[in-house]
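There are two complexes below, and they share subunit A, which is joined by subunit B in the first and by subunit C in the second.
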Partner chain A sequence: MTRVMPRRLAVLAGIGLALLLVPLIGLLIRIPWTGLGGDIAGSGDAVRVSAVVSGLATVVAVGLGVPLAWLLARGSFRGLSLLRAAVLLPIVLPAVVSGVALLAALGRTGPIGGLLDDLFGITLPFTTAGAVIAASFVALPFVTLVAEAGFRGINRDLEEVAATLGAGPWRRFRRIALPQAIPALAAGVVLGWARALGEFGATITFAGNLSGRTQTLPLAIFFELERDPEAAFSLSLILVVVSLVVLTAARRTWSR
Partner chain B sequence: MLTCRASASRNGFRLQIELEASPEEIVAVVGPNGAGKSSLLRILAGLDPVGDGHVAVDGEVWEDTAAAIRRPPEDRSVGYVPQAGLLFPHMSVGANVAFGTERPEQAAGWLDRLGLGALVDAMPSELSGGQAQLAAFARAQVRRPTVLLLDEPLASVDAANRAAIRRILRRELRDTPGYRILVTHDPLEAAALADRVIVLDGGQITQVGTVDDLRSQPRSSYVAELVGMNFFSGEASDGAIELASGARLVSASVPDGPALATVHPRAISLYVEKPTGSPRNVWLARIASIEPSLDQVRVHVTGPIDLVAEVTRAGAAAFSEGDEVWVAVKATEVAGYPR
Partner chain C sequence: MSEATDELAIAFGEPSIELSVAGSQVLVAQVREGAPLDVILTADEATATDLARLGVLIADPIVFARNRLAIAVAPGNPQSITGLSDLADPNLTIVLAAPEVPAGRYTAQMLETAGIAVSASSLEPSVRAVLAKVELGEADAGIVYRTDLNRGGVSGVEITDGVNPVTEYFAAALTTSSDPEQAAAFVAFLTTPVAQEILADLGFSQ
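Moving on, here comes the complex of A and B:
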């Protein structure tokens, strides 16, 4: 067997691994294992808000991101590359800027927010719905990016054959394109959900830090760090474990 | 009647054709790679636009650029069997065949009929090239399309199964009512499956006829090569054809004027010594190459007239590449016809 790993690459890979693992090990060392149950029980609200917000945001991001990805993958019109850049912008934008932008547009004094308030009496900032919108806003580009790559990778000839078999655009998408893109879409769901779960900056800017309504786990952890650092470590463990479980499960499903 | 006039340009390639087909015949479109054969099928199926022209089937206009009519593929009664079948990889064979029909229960019957009954629940990846091709054929046929289009139906079938699959296709095509058009680059396939052959070269139709027509009077060196004949073009007068090289070929049957002629490779004799006797065409040439085929040996000779002779293995043993050789062709073997 030939050696696949040049020594200089191995050294750099080792340093990279250490950079990723050392903070996690530090976290494990600092966790107050005896008081763990109490810390977690005491923040049941944040866990619940995080589950609801990240879950709903994933549904929104997938529901809108998949059609958007299809448009980007198959559309052919002027300004498509500009549109693609705009869709991906929130990935590179600092989350706090996303929050400020949401506030500007959807806040009570913003153009859309004001309209919603005047017409329906709906206020989004500082509500759970606002937190879902913030998380969706940051998760959507990830879902779109991955799904678009998936749609680009499928064999278009099969859709043509389906057309000659009488299948219209919707049936071709639903029965031929979508099933072929399943692995990419699954990756998109996981990435989008992970992004929504870890969302901090946009949420706190747009939805605030209201316990039981908009205070998700990352927000709770940040504020516990001032008050009770040990509780912050305990809550961080929840996020680490949940993320690890989901990533492992997802990897196992894809590599089948 | 199916009529199609297409004038389409794509990536610098121009397809310019006019064709008619009747439901009483099976049409084969032959031509070299890049001649536009697959493009023609795609245009008929509605996958590519005609450019400028029309497609009409039984009086129904499927496409007409002048009237701005264009039916998408899903609104045309076509059965399109692409090269390599292209079964949907995520569906069972049965689901593939049932995809395009409102009566999915007919899928199993079609698979049975093609000898694939046991593979209803198999996935496409488990099929051989020939089985995939037949399953794709069933998937198109279950819809009972008005126009059936086959793109290189045997190209993805391995040599050992080709004859068997060809026999099944021949039977099925003959039993299928409606327009049947297949594309192939294999003259054997065209001869076995089709009644009429359309030769496409460089995006244009260069010859139309039965396989026999093509064999007896090819109109281009491509067709001559396809049917395995030596091909000559020149000016005929007094029973001899003067070729562009200046060489003359005596023919027992050629009218005066611009002429074409064929000579079967087996009608050409090669001699080490100058032959005595009756042949009217005798000349000294050189052997360019010797190429064994299954039962014969093909000898390429160059000289005043380039041609290919087919001789027995025993006969070829007397020659080697680069040798001088006497070529003899009887005037009765030079089949001349007007150009």
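Moving on, here comes the complex of A and C:
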């Protein structure tokens, strides 16, 4: 077998791998295995809030991100590249900035939040719905980015043929484009969900921290670190394992 | 306290002080994991005791400033909050500091002593975050340090001294210090008239 990996690349790849894995190995070493069950059982509320928030955020992000991706992939109008940059902005923004922006707009004194409060008596900060919005805000760009790449990679000839046979835009999207983009969409769902699950900064800034309502696993870990660092290691393990299992399983599904 | 430490560092002069400002519990974690610090200032005794237990203090921590808690409300106090007992109203949106941080510990202790049940909408990671939520109008009220009210954006409501705990700030030189003599000198400086005047100007008592 011929060597595919030049030695200098292999060395750098190895260092990169170490950078990613060493902290995780450190985490594994410090986990108090004997108290693990108790630590995890004590965090039931955070697990439940995280499951609900990341699940709903994924639904929102996919429901809105796929149409947005279609617009970015197929739209041709002035300002498209600016629009794309705006859509992807939350990926590079510090999460706390996203939280501050959400507060500014959707907080009780913000233009939209104030309107919601006046008209319907709805306030989003400090609620589970607020946590879902924060997680959706950061997950949406990931779903959109991956789905757009998926839509760009599909064969447009099929759509043109369908068009000549009289298929309308919705039918072409639904029956021709969407099925072809399924692997990319699946990747988008998983990445979006993983991002929502790991969300911290926007959640604590916008939705606050209350056990059973807005305290997700990452928030619980942050506070546990101050009370009982070993318990924080245990809870971190849940996130690492769940994320690893889902990423591996999903990778297998979409690369088949 | 961060405004105070900025000024104290300048007043101390040489050698110049580099500040690592964070919540007490974060600083304890940094010390525990071996950050090369000379002196630590903490906002309550529990964190100082934690450090003493870790065996990282050169000498027993000293108290260099005192404070009290207060209620922060929106400017002009639109909800007409007059004291601690008003915070039991479930229709108010109230944020408190989490019990993991000193301000939150003092708050929980005070509410228990006063026998007032507050259903907080959020337990914030720092007293600054509590102040911000009130300042932004997201919360109707929050419990902060009295010295936090010295800036604009919020109005304050006093809490009667009977239930209001005196909060204490501790300073200690650390064994991790590369210059234990100067570390001890800075700790000693904190109780000098010069330092105490700076603290008094910002509302801290001795």
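Note that in this section the second predicted complex is superposed on the first by the 256 of 256 C-alpha atoms of A that agree within 3 Å, B and C clash if a C-alpha of one lies under 4 Å from a C-alpha of the other, contacts with A are read in each partner's own complex, and residues count from 1 in each chain.
Please note the rule applied: a contact is a pair of C-beta atoms (placed from the backbone, for glycine too) under 8 Å apart; a residue touches a chain by one contact, two chains touch by 3 or more.
Quick caveat, the model's predicted, so the values are computed rather than measured.
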item	value
Which of subunit B and subunit C A:A163 touches, first, second, both or neither	first
Partner chain(s) touched by A:G208 [first = subunit B, second = subunit C, both, neither]	second
Subunit B versus subunit C as contact partner of A:I176, first or second or both or neither	first
Partner chain in contact with A:L225 - subunit B first, subunit C second, else both or neither	second
Superposed model, subunit A: greater residue contact from subunit B or subunit C	C
First, second, both or neither for A:F126, with subunit B first and subunit C second	second
First (subunit B), second (subunit C), both or neither touched by A:P6	neither
Which of subunit B and subunit C A:L103 touches, first, second, both or neither	second
Of subunit A, residues touching subunit C in the complex	103, 107-109, 123, 125-126, 204, 207-211, 214, 222-223, 225-227, 229
Residue numbers on subunit A that touch subunit B, as the complex places them	155, 157-158, 160-168, 175-176, 179-180
Subunit A partner contacts - residues on subunit B that touch it in the complex	45-47, 72-74, 76, 78-80, 82, 86, 88-90, 99-100, 139-140, 143
In the complex, subunit C residues that touch subunit A	25-26, 29, 32, 93, 95, 98, 100-101, 120-125, 133, 136-138
